[in-house]
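Next come two complexes, and both contain chain A; in the first it sits with chain B, in the second with chain C.
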Partner chain A sequence: MEAFDKLSGEILHLVQEFSSASVFGDLTVGLTQYSFWLLVAAVVFCLVMVLFVRRASLVPHGVFVNGVEYLIDYVTNDVAKGVIGTEWRRHFPFLLTLFFFIFINNVIGLIPGMKPGTGAIGCTAALAICSFIYFVWRGCQKHGFFGYWKSLAPAGVMFPMNVFVWVIELFSLILRPITLAIRLFCNMFAGHIVMGSFAIMASLFAEPLFEQLSALNAAMALPSIAWLAILLIIYVVEMIVAFVQAYVFTILTAVYIQIAEADEH
Partner chain B sequence: MKTYRSAALAAAALATANLVAPACAFAEEEGAGGIDILVPKMAEFVPALIAFLIILAVMAKLVWPQVLSMMDERERRIAESLDEAEKTKQKAIADREASDALVTDARRQAADIVLAARKDAEVERQRIVAAAHTEAEEIIAKAHANAEEERRAIFADAAAQIADLSVSVASKIVERQLDEDGEQRRLIERYIKEAGSLNAN
Partner chain C sequence: MGVIGYGLGVIGAALAIGLAAFGATSAMARQPEIQGRAFTVFILASAFAEALGLIGFVVTLIS
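After this line comes the complex of A and B, so read on.
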């Protein structure tokens, strides 16, 4: 089929479109399409929060205020209180900001024509680095600089095993921001590639029908309906993924903070 | 907020170090093929880092404290309302128990009052009946006395009339005028009295 012949080329083209391209400056100093949309999401985040603070009251009214409060409560109870425990207040601002920043970026990316700021590894790496610095800094605050690095190896392990364990734990620590960044990026990137692929398939199969109206072309365009249906399902799934990935990033950060501040590792 | 400022400074320092470093991690970003997609671009990393740190500082300073205080205030109000509701409930239960006790006491008192009233009424009835009996007996005795006195008066009057009639008849018979206030009249009256006393007996 002609549509399948064109598909591989179109998907390659799609992947290239999803690669970072500078809209201002170059790839070292400037803005890419992802960082542009990330800045847009940042502005949207500020606006949402300003609006929320103005409208928030002891008795919340309206879908907007209730929706934002639901998310805040969810992160507070499930992530901050649930994972960190009694010390949750100290980490509440960081975790909330992290969650909403990622979530709004993910949601912005779902709007057709826009891109998620979290769809580029550079952006997710920045967030992961912030998370990494935050939990290491909190660990150092709790145990002291040397105390924290020493505490990476569990107490009670005999020499020289404790050295091996310490090295393994150090690798594990370094891998944490990397896995955070790659997980979020890959999920958002792959989700948008899959959605784009099904959109391309739907248009490729329907293309002959738009060029020439015939019974054969109409029959050939029938799979487009299925591709569109799948596209819609994936779109819904991506909405869930937008929330889940923000949640996963935040809860893993909370877990790392809890580990860093724990008395015994 | 001081902690967030120092965290932001640390992150900014790291970002600056990445910028001024020989970009070893980012040097191969151009034309690295498939792996290129996993190499962070500075044009994305730096704006994202700066944007996030600014937002973190702003939110930590302006938004989250307000949200936290609102949540605390709401929690406090809810706790107070629940306490108040519990207290009101307890008070209502106590009031109800007190009112139940009052009603019970009032019913008992009412029953006592009714009982006492019945007793008093019975005493009063007996007193009234006794008084009525006494009065009736007095009336009867008085009536008997009156009747006796009346009878006596009638009898005296009748005796006087009989005496007058007898004197008149006797004077006509003996054709002799007798003195009405004389010895004959007194004899007749004594006779009638004796006859009356005999009659009374």
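After this line comes the complex of A and C, so read on.
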């Protein structure tokens, strides 16, 4: 099978395409393809919100207003009210911005030819550091600076165990932004690699058929129908993943805020 | 070799997602009114497990 021989080279080429390359300027000053689509997503985000605020009314009309309102309702009820509780209103703007920013970035990456802004580790790391600073800051506001760092260890534990638990909690605190960043990055990156691999396989198997029309080549091209079907299924899964990853990022931030603001551990 | 390593590593993630689905479906069967919340918890748990499998995938490709 010559198609399989070509496959590994094509996939290596595909993986290389996903590393950051500059569009304008160079890698130190300029835009990579990821930061370009990130800016596009930011503009789309602003447009969506401005349009939504203009068209929002007491009784929503149309798919657009209803759709945005459904997402906002979902974040309000499931994430903010469900996790944080009575104090949800103070954290709501941050959570909603985070959710919509990641969601629009992921959705923009799904359109063929575009890259997701969240498909680069730098972007997800920046988002994760934002949420890390936010929940540590809120915890410091609630308990005071030293009070917050002291409250990492639960009160009422004996002295030597106390220090031990504090070190473990500090470690898990530092791990939180790292896992947030890596989870989002890996999901976007791996999803697009898998979609790209199946697209490459579909085209590689069908290639001889387009060059020369014969019964043998047509029989060889049959698997590419299956690859196309798998590609479509993975595409649908990626649509779900785009939503779920934005949701997971937001709900984890909410959980961390709730932990930071909790009165007693 | 890297691909074989990924295949071995993903067994754990697959088992984890299977267990999460098992728990969610049996919880829904016992208590149908909890369906919405159980589904949310299932999605969250499988997102955690899936992330581990994906880390293996990405590390295989990058290194």
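One rule holds in what follows: the second predicted complex is superposed on the first by the 264 of 265 C-alpha atoms of A that agree within 3 Å, B and C clash if a C-alpha of one lies under 4 Å from a C-alpha of the other, contacts with A are read in each partner's own complex, and residues count from 1 in each chain.
Here is the rule we go by: a residue touches a chain if its C-beta (ideal position, glycine included) is under 8 Å from a C-beta of that chain, and two chains touch if they have at least 3 such contacts.
Because the structure is a prediction, the values reported are computed rather than measured.
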item: Touched partner set for A:R183, first chain B, second chain C, both or neither; value: second
item: First, second, both or neither for A:L58, with chain B first and chain C second; value: first
item: Chain B versus chain C as contact partner of A:Y134, first or second or both or neither; value: first
item: Partner chain in contact with A:I193 - chain B first, chain C second, else both or neither; value: second
item: Which of chain B and chain C A:L228 touches, first, second, both or neither; value: neither
item: More chain A residues in contact [chain B versus chain C]; value: B
item: Touched partner set for A:V248, first chain B, second chain C, both or neither; value: second
item: First (chain B), second (chain C), both or neither touched by A:D78; value: second
item: Chain B/chain C common contact set on chain A; value: 182, 185, 189
item: Residues on chain A engaged by chain B in the complex (per definition of touch); value: 19-20, 22, 25-32, 34-35, 38-39, 42, 45-46, 49-50, 52-53, 56-58, 72, 76, 89-90, 92-94, 96-97, 101, 117, 120-123, 125-127, 129-130, 133-134, 137, 181-182, 185, 189
item: Parts of chain B lying in touch with chain A, wherever the complex brings them together; value: 3-4, 6-7, 10-11, 14-15, 23, 26, 29-30, 36-49, 51-56, 58-60, 62-64, 66-68, 70-71, 73-74, 77
item: Touching residues (chain side chain C, partner chain A) in the complex; value: 40, 43-44, 47-48, 50-51, 54-55, 57-58, 61-62
item: Contacting residues of chain A [partner chain C, same complex]; value: 15, 78, 179, 182-183, 185-187, 189-190, 193, 244-245, 247-248, 251
